[in-house]
Every structure is written in structure tokens, then in C-alpha cells.
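Each in C-alpha cells, the structures are laid out below.
Shared chain: chain A. Partners: chain B in the first complex, chain C in the second.
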Partner chain A sequence: MDYIKKTRYITFNYLFIFPAVAIFSLFYIYPFIKVIHLSLSQWDGIAFKPSAFVGLLNFKNILFNDTANWWASMGQAGYITLWALTFQNILALLLALACDRAIKAGAIYRFIFFIPPILSEVVVGLVWWWIYDGNWGLLNQWLTSAGFAHLAHNWLSPSLEEGSRLMVRMLPLTCIAIVHCWKGFGWAFIILLAGLQNIPRNLYEAAKVDGADAWEVFWRITFPIMMPVMILVVILTILGAMQGFVLILAMTNGGPYYYTEVPVTRILDSMRNGHFGFACAQSLIFGMILLILSFSQFKLSRKMQKA
Partner chain B sequence: MKKFNIYIVKRFTISSIIHAFLITVSAACIFPLLWMVGTALKTQQTVFSDLSLFPKHLHWENFYIAWIQGKFWLYFLNSVLYTTVVVTAIVFISSLAAYAFSRLKFPGRNFFFYMFLAAMMIPLPGSFVALFVVLKKWHLTEGLILPRLGYIIALINVGLSLSVYIFKTFFDQIPDDLEDAARVDGCSRLGIWWHMAMPIAKPAIAVVVIFNALNVWNEYILAMLILQENSLMPLQRGLMVFQGAHMTQYPLLMSGITLSVIPIMLVYIFVQKYIIKEITAKTAKVYNG
Partner chain C sequence: MTKSKFQILNLKFVICYLFVICPLLFIVPGCAKAQENAKPVKRIVLWHWLADREEALKTLTRKYKDLTGVEVKCQLYAPSDAYAQKIMAAGQAKALPDIYGFLGEKRIFAAFIKAGHIADLTLYMGYNNGSWKKKLFEKALKVNEFLPENEYGVAPGIYGVPIDVMNIQMLYNKKLLKQAGLDPNNPPRNWHDFIAALEKLKQANIKGFVSGWGETWLIDCFAHNYAFNIMGEQKVIDTIKGKVPYNDPDWVSVFKLFDQLARKQLLVSGIATMGNKTAEQLFANEKCAFAFNGSWCVNVYKGMNPNLDYGVMLPPQASSKYPMVIWGGAGLSFMVNGRSKNKEEAIAFLRWLTERDQQVFLAQETMNLPSNRESLANIPAILTQFADDMNNITHPNLLPVQESPRALEALTKGIQAIIIGVKTPEQAAEDVQKVKVRMLKQEAASKQ
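The block that comes next holds the complex of A and B.
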């Protein structure tokens, strides 16, 4: 009797988590297993079942035979990430330091800086696509009216007449990277500001009494205390910038040529071309790379905290 | 006395430089949006000749045209539908689960909780491939009703992990006595969740609603894969379709974009305090381990 009661009690408890676990199993775990299964097969997405088990062939092809496409796209995502890590995060840190000084109107700045992050990537991409537009975009109109007509470009698809091969290769990607920073710096700013505000004020006062100048205060107090928060920002920046792709779909859709492709748009392309197994293998490899990156960052931060 | 003046001048200069810096960045933030609204109010003829940010003749009819002929009313209603249903479902499903993880005892409790936590930590780029394959297998991408269902459940799943985590951290802080008192009053477990935990958890509900609503409203990739019919599409998908079909109708496109941004901005004005508070609290956790 008691046993039945207890079983009923526990079963009822399971009902609380049942909806969440059911959805999670069907839409997260099952697809996850499916990814592993498909990555080992060849499948056009139309036939009822994957046609052939090919073992690690997809992985081998991606790692060794598809360098031009896959690793190039990885490098392009890395380039955007580099911009985000340096330009975006240094800007965010400077802004956070400025706002931390208890200045008036700090709340307004905070409000404004977080507007780009709440907009969708489609909206941001389409608005900037129009700003960069080669014929009638705002940027060229501005440059022309300011007397810099020679600087006007087809920003997102420059032709070889406009400049060097290198420029044609890098200009669209750089434009995208800048938009990515525009959209993302608000996040880094809010997190860094929160970190700064957690630093006890009396530390600053003590340093002042000891005669430290602003530079010394930053390097001796702010910087070491902020280390964990900054590593968090770095991890989030890397994960965000490497995986971002909707912005690219809205602005260039991977072009010109394949110069603005990133791994996720590559995965999307493989999928659209009916190489589902290949797409799954690509996402597994990319996921592993991201996991290793963020895990080593995390380890590094633990080590530094102990030291 | 002289020294005092120098001090004031120095401070004034520094603060001016800081403000100039902050104002420049603010302008860079807002300017593209002003340009978007400005373009939305021009006509197809003036958009290429009128360079001003605020055109002289405001063509409000663009919004009407985009709304009716550009079918943005349809996309807008779809977005409202998806956002409402998904967020409501997430609040119920994740708070129930989080309550169990926090308060009830059953074998495998930690296992299931860490499962959600792990899903939050592990990056799964391109997870949409497998999701699409699975949805297709279950015929959730065909017809006019099933794709809606597939899309909604897929989005519920996306928001689940973080929401469970937010609710659990909140429920963990509720003192036991409150629950004991409710139990003495004869409340069942479901009753305690609904009458005691949920009313107290209003701040957590607010955070979950805000973050998930933003997420769903701005979602694009799953909408692109799952929803092929025009009548099913939410705003983000509709915008891309409109851009693809009418490449050069910039004023109408910008009107559509403005329409999609207005609700977000309105909500943001009221909830930005919560957003910043939540991020600040999460950051403080980084310090404490």
C-alpha cells in the first residue's frame, strides 16, 4: 500500500517535467542523434531513407578535399570574429568605462546602445544593405556630397575596375564585419558595465589616497578584477561572431563569388543542394571547433583566477 | 585659488570629451534607424533624388501600401500569433519543469536538469538541418496547419533551456516555510506551483517573457526552412521575401521594416530596465563562481 502511494507520488512529480522533457527529446535530442546518423551517410533529402552508409567519408572530404570552400568560409568567419574581438570589444570597454564614471544621462546612453542588439538580424541587414548600396545608398551619397566622390564604392559587390583584387576580396566582408560590430557592441557594453559596477568603490578611493593615477588604477585594479567578465565577453563574442549568418543572408547572400560565405551559410548551401549528410558532418565539425574554443577559454579563465 | 580653477577646467574638459565620444556612438546607433524611417516616407521617385534625412513631403501612404499590398498585415499577425503562443507555452512548460527541479523529489532529477543545462552550453551550429529533416519526416512541413505547429514547437524548444534555468534559480530562493504553510493549508503540488510559486515568480516570468518574445519575434532561419507558404510567414521571413520580389522598392521595404521594428521599440522602452537588471545579475554571478 505504502509502496503504491510512493510510486504514485513520484509518477505525479514526473508529470511536472513531462512536457518539457518530451519536447526536448523530440526536437533536440532526437535531431541530435539524427545529425550523427546522417553525417555518416549520403542522402539527398528526397528519398525516404539515407541511401548509403559511407562511414567517415563526409568528414574526410570536408577536412581534406573541400579546403577551398570550407576552410575559406571558416577563415572569413574568423575575420569577422577578429573585428568583433578587437574593434567591437575595445569600443564597448571604452564606452563602459565612460558610463561607469557616474555621469549624468548615463541611463540614456545605455538605452541607446542596447537598441541595435534588440533588432533582428534581418532588419539590421536590410537597412545596412540599403546604406551600402552602390548606386543610391546613403554612404555613397554622403561621400559624394562631402567631396569624396572617388571614395564611393559598390561596397557589397565591388568590381575589379574599382580596385585591387584584395579589395574586391575583403571589402564586402569588412562591411559585414562592421555591421556585426554595430549590432553587437551593445551586448558587450552592458555586460562590461555591469562588471565595472560590481567593483567596490572603496578600492578606487584607497588607490587615490595612495596617489595612483587613472592609468595605474585601470591596470592595477579595474583590469585584474574585470578579467573573468572580460573572458565571458570574449567567449560570447567568439560564439556569436563565428555562428552569425542571417546578417550575411540579408546583405550579400554569400557573394560576390564566395567571399562572404561563413560555415553556417555553407551548411545551408549543402542542405539546399541536397547534400544532407555532408551538411550534418559540416555542422558537427564546426560545433566541435566552437566547443574546443570556448572550453579552452573557460579553462584559461579558471587558471588565471587561481593564479 | 588659481589651482582650483585649473582643476575645474580640467574636469570640464575631460567630461566634454567623454560626452562627445558617447554622443558620437549614440548617433551612429540611431542614425541608420532615422534613415530607415526617412526612406519609408519618401516615394519611389524622390528616394533617389531627395538626400535629406527628413523629407519635405511625408508620404505616410507608404505604410498603408506596405501594410495592405505588401501583405505586411498578414506577416504582422502571424508574428503576433507565433510570439504569443510560443511565449505563453514556454512560461507554463518551463516553470512547471523548473518547479519540479527545484522542489520535488524523484529519481533522475539532476540528470534531467543537467540535460537542459548542457543544451544551453553546447553550441550546435546548423542544428536547423537535423530539425528540418525530422520535421519533414513527421510531415510537419506540409499543408497549411502543420507547419505552424512544427514551427511553434520548434521555437518552444529553442527557448526552453534558458527559461528552465531562469525559473529554477528563482524558485531555489523561495524559503521553504512559504511552501510548508501552503501545504498545511491543503494545497496540492500543482496548487502550490500555481497559487504560491507563480505569483511570487513575477520578476522571473517577466524576464522569460521578454527574452523569449524578442527571440521569437526576430527569428528567421527556422521560418525560412519550415514555412514555405506566404500565408504562414512571420515578419522577418516576409521582409526577405518582399526584398527578393521587389528589389528596388526601397520606400515600401523600409516601411515594412519600420512596421516590424515599432512593436519591439515600444516594448523595449518599458522593459529595458528588466533586461539590464537581468544581465547585471548574470554578470555578478561570474564573480562569485
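The block that comes next holds the complex of A and C.
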């Protein structure tokens, strides 16, 4: 009797989670398995079945034949991520610390800082394109009117006549990284501010009574308590920056040359060219790299937290 | 007792939810679609991506409904990139509409046909001694045609109806040319004169040349125009086949044209990442004297600056060895879904759409070149200038072989590198050849 009751109880519970499991399997697990299957095949994205099973050929071609462009695009995404991890997050933390205090019109600041993330990425890209434009762009106009005409450049595709090879190589990517930081700091700001506001105020009061200065308060109270929030922000920043591509499409379309290509634009190109199998293999490699990055970051931060 | 009744009711509700309501949520919309399909349909659905044709097409579909009682539901999905993805996804789901505009390379076109997404129209074109076919521009039809023993293994035939045609040429602003002391009625005909004109414009502080070379297909187009002019069609085909390397002196000469333009600073700043829309704005707003753009620009410029006074010319010849040819062919082509239940109605509509009156209306409303040759007499003057050169057109889809996308990417990116000065023409040519060799090897390996 007990057995029947227990079975009925379990069946009843499984019935409840069945719709969620079914939807999850259909929209997450099945596509994931399908991507693995397609990455081992040659498929143009149009025929109903992949034309041939090619084993690991797509992976071999990415890792050994298409190395220059693929790894360069990875490095370029890494460069944008580095900017986001440093400048974007430091700015977000500083602003969050400022807004955490009882300042006048704090709510207005919070609203203003959160405007960039809610704007459409394409629109932001196009607006910044006009700012950076070398012919009639606002940035060059401001520089010229401020007496720095010699600093005016064609920011998104400078030529060797305008500066060094390094400048030509890095300037367009740096311009995109700056826009990415501008667009993204609001998210980090909101998450960090929420974390800061959860810290009990009596800890600060006790520290003050003990004679701690502002730096000591930050380093010994704020920073350790905020560590889990910061880990979250760092992981979200890495994932967001590495996977960003809309700004690039709107501002440079991956050019000039391959200087602003990132892995997602490479994957998109493969898909547009009808190499879906290859694109799936690229996606899997990219996904694995992101997973490893996020996991190592998480592990490292946990170690630091324990220490 | 009350509690157990409540439990039973609760259990009944859960079972009812899981096994009746949930499945119904999925089944009901499906049934509705099935019922809709079962109706005797007098409605056909048409997809396209061209916002500038939307209103004119809608007007014509209303007229067609009044005439025949068949409703054509016109649906616009822009921009073109998103549209190309949409038709691919719809093809996979076998959810393509009765008629749709196709966007993509011949290789992808062939894949659509092989998957049964596009109907063969050869028979319909041939009816009545080929009267429909004869009305249309031959080269525009050829873009939608597969010849016997084509490399894609597609059954020979005509698979699309060109609604309008286009070609890509050089445009010049008459006012700016005059300002620089050049004769606006006698634009440069050869490369030497073109460079001299650009230098004169530069001296007059007028930006010389603009094109949307951030979109690599426009670089590809410009480069291939000059490749045809410098080495002839056969050598270009031999290059695609792998018989002639990209570091051949003739190809290096093509790359050198870009280098010359860039090093002499005759190009508008930022051209290597400039989209065509921006390039069109610069030319329309009289910021640049020369532009390289397609015949669709007539409508765009009209919208941006109705008073723009400009002329159309063939790109100036860099060599007298071979004639200058330009990219052209079908602008917008409509395909009939091979699985459509309304195939006959769809084809009848397309036949009507390509008749003289409708074509004149489309040309006047959208400022695009009509695909019906009989309509040319009634089109605006500037379009006539484009139409005059329809005999000089070529298109990658007209060639018997197609270059691999990776090699084309290397070519166009290499030219961007030349423009910004980080590669010499010789280096860029070497890079393209390396990619070409790799692609040929991969192709051979996949055939094995």
C-alpha cells in the first residue's frame, strides 16, 4: 500500500515538472545536441539534411587552417573584454560607491547611468559612428574647435599616412571598446549598487568608531562582502564583451581589414556563406573557451575569497 | 471528507491541465492553420526585403485583386541581412510563402532549388512562343537561369522572374565638377583622366570619390570590373578555377588601382569602413564629386536631395585591351515556392507584374529600371542613362564558376588593407593567393 502511495506521489510530482522539462529539452538540450551533430557535418543550412558527415574536419580547419583570422578575432574580443573588465567595471564601482552615499538627487544619477544599457545597440553604434566619423564627425569638430586639430583622425579606419602601424591596427578596436564600456557600465553599476546597499550600515559605523579610514573601510569591509557580487559582474562582463558584435556590425562591419572582427562576426560570416557545419564547430569552440574562462574566473575568485 | 473532495478536484484540475489544456494550446493553432489551408485559396503571400518598393507593390496588388479577385498579401521584411536569414529559416521549416524575393549567391540559390523551395518556370516562360521571356531583359533572366551541366547539379531551367533590373556604375556631380574647373558634360573616360580629375577636385578642396566599401560586395564589384577590363573574362574565370594565381601581374595591376587612389588621397576619408547608405548620403548632399553605386540610387538620391544634378558614366577604363563591363542583372527577382499550393496563381500574378503598364508604374514610382524592355520608353531620363549600358553588364551569377566566399573575403579585405596602407598590392595579392590555395585543397579533400 505504501509502495503504491509512494509511486503515486512520485508520479504526481513528475507530472508537475513534465511541461518544464519538455520545454527545456526541446529548446535547450535538443538544439545543443543538434549543434554538436551539425559541427561534425557539412551543411549549407538549406537542405533538410546535412550533405555529409565529415567527422572532426571542421574543427581541424578552424584550429589548424583558419588559425590566423580565428585566433586574431579571439584576441580582438579579448582586448575589448580587457577594457570592459578594467575601465568599465572600475567606473561602475566608483559611481556605485558614490551613489551608495546619501547624495542629493541620487535617484536621478541612477536613472542617467542606466540609460546607455537600455538603448538599442544598433542605434548606439550608429550614433557613435557619426561621432567618430573622420570627415564631419563631432569628435573631430570638438577637437578642432578646442585647438587640437592635429589630434583629429579618421577614428574607425585610420590610414598609415595618419600614424603608426600600431595606431592603424588598434585605434578602430579601441574606439569600439570605449563605446562598449559606455554602453555597458550601467549594468555593472546597478548590480554593484544593489550589492553595496545590502551591506549592513552598522559595520561601517563600527569601523568608524574603531578609527578606520575610508580606504580601510573599503578594503576590509566593502570589498570582502562585495566579492560574490564582483565575481558575478566579472563573469557577466566577460560573457557580454566576448560575445558582443552588434556594435561592430553597426560601426565597422569587422573592418578595416580584419582589425575589428570578433568570433561572433566570424561565425556569422560562415553562416551567411552557407557553411553552417563550420559555423557550428566555431560556436562550440568559442563556447568551450567562454566556459573555461568563466569557470577559471569563478575558481580564482573563490580562492581569493577564502584567502 | 471536504478535504479529500478538494484534493480530488485539485488532482482533476492538474490532470486536466497536463493532458487536455496543454496539448490543446499546441494543437488548436495547428488545426486553425490546417483549416485555413483547406479553404479554396484566392490569396497568395509574397515576401520581399525592399522598403522602397513596398508602397508601389501594394498599390499593384490592390489593382490585381480588383482585376482578378486574387488577393496578394505583400509582406516586407527588412533589412536584407535579416531577410536572407529569414528565408533560410523559413525554408528549413517548409514555411516559405507562395512568392518570395531571393537574396544570395548562386550557390545558395542552387541549394534552394535542390531543396524544392523554388519552382522551375521554364515551361511558363516558353508558352506562346516564349512571349513572356522575350519581353524581359535577357541578362536579367540569365541571372535566374541554370544552364545544362552547371557545376551545382541543378536541372537546367529558369527559376526566377526579374521584376526590375539594375547595374552599378560611376556617378558624377555636375555642379562640383564645374566648381573644380572640369567639364560636367565630358566626364573622364579613362583611368588617367579620372585620376587627373580627382586631383583637380582635391586642389579645389572637394572630396573626390565615395563608395560604401565597408560593405565588401561593393569592393568586390569595383575590383572585378577592372579585372575584366585589364585581363578579360576568360582569365578571371581561370583564376576562379585555380589556373591563374591571384599574384599574377594582371591581378596586381587591379590592386594597384586601389593603392593609387588611396596613396594620392583621392578617396573620401574612412571609405574602408563606410556603409553604402552613408556613401549615398555624402554624394546626395554634394559632399563628394564621384560615387560608385547601383541604379537603385536614383530613388535614394531623389529622396535625399531632389535637386541633385548628376550624370551616369561607365567606370573609366584602366586598359584598352578589354572592354569595361559592369555588374548588373536582376535587381529584384521573385521566386515561386516549389511547394506552393497556389503555384498557378502565383505565376499568373508575376506574369501580370512584368507586363508593360505595371512595369512603367513601378519604374516611375520606385525609380528602378524595369525588367520589361518594352517599358523603357516611359522611364525617367536619368534611368535611361543607366539603361543605355545594360548591354555591358556581367554578374558573378552569369559566370560558369563561382569564387569561394573565403577567397572573395581575402580579396576584399586585402583591398581594405591596401586602402589603409598596411599592405602593398603585391602583399595583398599574395595573401589572397594563399587563401585560394587553401580553399582549393579543402575542396579537393571534401571531394575525396
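Please note the rule applied: the second predicted complex is superposed on the first by the 263 of 307 C-alpha atoms of A that agree within 3 Å, B and C clash if a C-alpha of one lies under 4 Å from a C-alpha of the other, contacts with A are read in each partner's own complex, and residues count from 1 in each chain.
We take it that a contact is a pair of C-beta atoms (placed from the backbone, for glycine too) under 8 Å apart; a residue touches a chain by one contact, two chains touch by 3 or more.
Computed from a prediction, not measured in an experiment: that's the story for all the values here.
Participant: Record, for the superposition on chain A, whether partners chain B and chain C clash or fit.
Facilitator: clash
Participant: Of the partners chain B and chain C, which touch A:Q42 in the superposed model: first, second, both, neither?
Facilitator: second
Participant: Output check: A:L151 vs chain B and chain C. Expected answer is one of first, second, both, neither. What do you get?
Facilitator: Neither: A:L151 stays clear of chain B and chain C.
Participant: With both structures placed on chain A, which of the two partners, chain B or chain C, ends up touching more residues of chain A?
Facilitator: Comparing touch counts on chain A for chain B and chain C gives B.
Participant: Quick check for you: in the superposed arrangement, does A:L56 touch first (chain B), second (chain C), both or neither?
Facilitator: Neither partner.
Participant: Just to be sure I read the superposition right, which of the two partners does A:L119 touch: chain B = first, chain C = second, or both, or neither?
Facilitator: In the superposition, A:L119 touches chain B alone.
Participant: In the overlaid three-chain picture, which partner chain does A:I131 touch, first (chain B) or second (chain C), both, or neither?
Facilitator: Touch status of A:I131: first partner only.
Participant: Using the touch definition from the top, say if A:R110 reaches chain B (first), chain C (second), both or neither.
Facilitator: first
Participant: In the overlay, answer first, second, both or neither for which of chain B and chain C A:P19 touches.
Facilitator: Both partners, chain B and chain C.
Participant: Select, from 56-64, 74-82, 236-244 or 254-262, the region of chain C that bumps into chain B once both structures are placed on the shared chain.
Facilitator: Once both complexes are placed on chain A, chain C clashes with chain B in 74-82.
Participant: Looking at chain A, which of its residues have contacts with both chain B and chain C?
Facilitator: Residues 12, 16, 19, 45, 136, 271 of chain A touch both chain B and chain C.
Participant: Any idea which chain A residues touch chain B in the complex?
Facilitator: 10, 12-14, 16-17, 19-21, 23-24, 26-28, 30-32, 34-35, 38, 45, 91, 94-95, 98-99, 101, 103, 109-116, 118-124, 126-128, 130-131, 136, 138, 141, 145, 182, 186, 190-191, 194-195, 197-198, 228-229, 232, 239, 242-243, 245-246, 249-250, 263-264, 267-268, 271, 276, 279-280, 282-283, 286-287, 290-291, 294
Participant: Per the contact definition, I'd like the list of chain A residues that touch chain C in the complex.
Facilitator: 12, 15-16, 18-19, 42, 44-48, 52, 54, 57, 61, 65, 129, 133-136, 154, 156-161, 165, 168-169, 172, 251-253, 255-258, 269, 271-275
Participant: Would you tell me which residues of chain B are touching chain A in their complex?
Facilitator: 15, 18-19, 21-22, 25-26, 28-30, 32-33, 35-36, 39, 47-48, 51, 92-94, 96-97, 99-101, 104-107, 112, 115-116, 119, 122-127, 129-134, 136, 153-154, 156-157, 160-161, 164, 189, 193, 214, 217-221, 236, 239-240, 243, 250, 253-254, 257, 260-261, 264-265, 268, 272, 275-276, 279-280, 283-284, 286-287
Participant: Quick check on the complex: what are the chain C residues that touch chain A?
Facilitator: These residues of chain C touch chain A: 11, 14-15, 18, 22, 81, 84-85, 88, 91-92, 105, 107-108, 111-112, 114-115, 117, 207, 214-216, 262, 265, 268-275, 278, 282, 287, 405-406, 409, 413-414, 416-417, 419-423, 438, 442, 445-446.
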